[in-house]
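A short worksheet on the structure shown next.
Letters A, B, C, D, E and F mark the chains in the order given here, with residues in each chain numbered from 1 onward.
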Amino acid sequence: MRKAIYPGTFDPVTNGHIDVLQRACKMFDHVTVIVANNQAKGPLFTLDERLIFFREAIGHITNADVMPMKGKLTVDFARELGALAIIRGLRAVSDFEFEFQMAQMNRKLDDRIETIFFMPNEEYFFTSSNLVKHVARYEVDRIANLMPKNVLEALRKKQSIQ
Amino acid sequence: MRKAIYPGTFDPVTNGHIDVLQRACKMFDHVTVIVANNQAKGPLFTLDERLIFFREAIGHITNADVMPMKGKLTVDFARELGALAIIRGLRAVSDFEFEFQMAQMNRKLDDRIETIFFMPNEEYFFTSSNLVKHVARYEVDRIANLMPKNVLEALRKKQSIQ
Amino acid sequence: MRKAIYPGTFDPVTNGHIDVLQRACKMFDHVTVIVANNQAKGPLFTLDERLIFFREAIGHITNADVMPMKGKLTVDFARELGALAIIRGLRAVSDFEFEFQMAQMNRKLDDRIETIFFMPNEEYFFTSSNLVKHVARYEVDRIANLMPKNVLEALRKKQSIQ
Amino acid sequence: MRKAIYPGTFDPVTNGHIDVLQRACKMFDHVTVIVANNQAKGPLFTLDERLIFFREAIGHITNADVMPMKGKLTVDFARELGALAIIRGLRAVSDFEFEFQMAQMNRKLDDRIETIFFMPNEEYFFTSSNLVKHVARYEVDRIANLMPKNVLEALRKKQSIQ
Amino acid sequence: MRKAIYPGTFDPVTNGHIDVLQRACKMFDHVTVIVANNQAKGPLFTLDERLIFFREAIGHITNADVMPMKGKLTVDFARELGALAIIRGLRAVSDFEFEFQMAQMNRKLDDRIETIFFMPNEEYFFTSSNLVKHVARYEVDRIANLMPKNVLEALRKKQSIQ
Amino acid sequence: MRKAIYPGTFDPVTNGHIDVLQRACKMFDHVTVIVANNQAKGPLFTLDERLIFFREAIGHITNADVMPMKGKLTVDFARELGALAIIRGLRAVSDFEFEFQMAQMNRKLDDRIETIFFMPNEEYFFTSSNLVKHVARYEVDRIANLMPKNVLEALRKKQSIQ
């Protein structure tokens, strides 16, 4: 049985993330989404919210689950779960460089864990969580098709509070 | 009549920005500079100061004006002004990627508004607002020719207060 | 009246090129496509074929025409036609660097001519003439929607000859 | 059973290619190396030589084999072999852009075949076939550890003929 | 006598920095490391700690010393020390662009001071101070060979306090 | 005495190359320009012409000379001349990647020879030999200030023959 993990902040999960996850789920028997807390970035949604959003949004995928990242290194998390690989989506050159540095560091930390890169569908090339949050402050319904329904609903509520 | 907008934070406006504006003003009947508030970035100058700096600095350009960005999406601002295009300056590969993601998102939000890219004069390739602010903390007069006179004066005053 | 030129080898013209042209035609009163001979690259189609393909494919655009590049510099061609601008499509970082060097050189040669950059529709980001020709050697019908009908027909004929 | 293909020109195979193959072989039940003829590039070694070099060099890998690319599209080759994925190594930003265009085109041609990217060991980041061939013209023994023994032997013979 | 300076935040110094310094020390008679305070970045270690770490770590290099950056421009610091050059390490494309803008700005501020770029050993390509700090929060001993011993000791202490 | 080499094809030498050489000559006691034959690229000028052009153009630089690259590796050439360093100019991201691969390979071949990178003056950022040759086919006098006089003269003669 070949397992992988798909780590990220997912603040919030977008259809681009789900697209990458679905592609990975065809290559592996099981993929665990790992949601990092990342307090340093000042996330819009709490870790619990982000976990719930992702879980609800992938109810249709039978070989994936969602867990919080606890205070440890990603490679250690992977090994404890028996995962062979860390999944990452690549959209842009700037992604590429950062991801490569992370992947090299992770290989140094544990060379049994491989980082492998997937390319999201072209319609999600510009769908970063940051751009989604930026637009959502004004007009979330105009990008409704870039995110799962529960995230759309949550962003709508934040918009009405503003 | 073909109109365009030129949005940015302009904290502060540099001669590189004015160079791009002048190039755009030859292509369009009118260009409106849109100054974003961008509190998140902790701007050096207030929105009002930035508006005044830009307005004063382009007194010689007859087909441009300067307005604040109010709480709405850039594409909506463009459409309400009857603008066909969003003007952006491109200097570096890292600009390019971010600008491309923004432009794709804006096209998704309103595909009637086109983003078009201009290249500033080579002497402004390295003139980012951030570098200007960094140098201005110590020696603003040594880069006096990178910015309009009113900005120079304002940076000199900040320097003398330090 | 504001005119522009859109130069290239167009071997063959793709829907990505036509997409860029259409966007430019909304910004300018007239756009002239300039087809370079480019014998050095060993083009698949003759200059005459490439001219005809492009002309036929844009019969629906009323403010564009197509001309061959004769032995002169692009900026001189622009000036003789009374054009203000050179139009270029940007898809990738590698495009960006080459295009920037060309644009700087062209500005040096004639600083009255501006190079401005458009972003093609995301579905054409990967549609280079080279990739089209590569796939067309085997299975041109599978990428039929990436090119105008006359180009498809011509590529089909080449395929049947092989 | 999950299969993948690893296509390339492999002129000649380097230890960087074998490193990528080994990483892929841990993720898949079987990986088929597909050697493209690529007459256009004027290969140093014949297709037959390149096939033999790769086959001999991976005798220790039990779940990989090597086949020539016959005149068809890579995605069709993948599908006929029952492969889910196309394996590619990524070393540099310039690789990244070209690979992304190829991957998008391949997805368009057959969206059931996924392209996934592996990062070679850092010691092979600079080991392109072109650099190996360049150095091998003068001093192949100084880069002996960048290639399998049979390739080293063949390059030594070419060197002595020069 | 040819002198150079090697400026940076060095929070903390890594073996990658020391590798670049050693390479520079072979090209110049003397190299002065300049440690910037950089309060804006919220450094992990105080300026004094960073100075001490670097000084202790290069006791074996006879033609280098370490000084704090006082409130002035880097080029002015260089000139006052009689240095001809500013040394910078380049690892990645994203480094490259930022470094180039800085170097152009510095040349504009004082064109007698040259910026020259060195490439660290490939094993340090992924060794940014940020990645080191990230990993050090959990498992500093696993990357012990990426930093000098005194930094390792200091990071261990911070870890045990957490 | 610290020596360096500055290798290239120099087909033809431009003022950008001479600018880089002058910068390097301030850092080193002596710099030897090494002109590669590079028949594979189909040079416009013969090796002898290129040697003469460069020699004549740097008569004012007292600590540089010009030699042909004979059939050996660049690092071996450097060592035989007693040079510590290989000088390279960096203008663009695409330069950067290729240069980095070359520099890593050269370090592997002989780790006593350092590759160091200089940034040419901003006015030469777009001055590649290829662009110069392209423009020179039509209008060499319009870019007269991008090259030494002897190269200008030689390109004028080629132009009149066409």
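The working rule: a residue touches a chain if its C-beta (ideal position, glycine included) is under 8 Å from a C-beta of that chain, and two chains touch if they have at least 3 such contacts.
Being a predicted model, the structure only gives us computed values, none of them experimental.
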item	value
Chain labels contacting chain D and also chain F	C, E
Repeated interface matching D-F, over half of the contact pairs identical, chosen among C-D, D-E or B-F	C-D
Chain whose average C-alpha position is farthest from chain C's own	E
Chain at maximum distance from chain D, centres defined as averaged CA atoms	B
Chain copies touching (chain B, chain E) - same or different residues, decided at half shared	different
Chain A-chain E separation of Cα centroids, rounded to whole Å	34
For chain E, residues that touch 2 or more chains besides their own	93-94, 97, 100, 104, 122, 125-126
Interchain contacts, given as pairs of chains that touch	A-B, A-C, A-D, A-E, B-C, B-E, B-F, C-D, C-F, D-E, D-F, E-F
Interfacial residue positions of chain D with respect to chain A in the complex	2, 23, 26-28, 84-85, 90, 93, 96-97, 100, 103-104, 107, 114-119, 121-122
Chain D residues within the chain E interface of the complex	93, 122-123, 125-126
Chain D partner contacts - residues on chain C that touch it in the complex	92-94, 125-126, 128, 131, 135, 137-139, 142-143
Residues of chain A defined as touching chain E within the complex	71-73, 76, 93-94, 97-98, 100-102, 104-105, 108-109
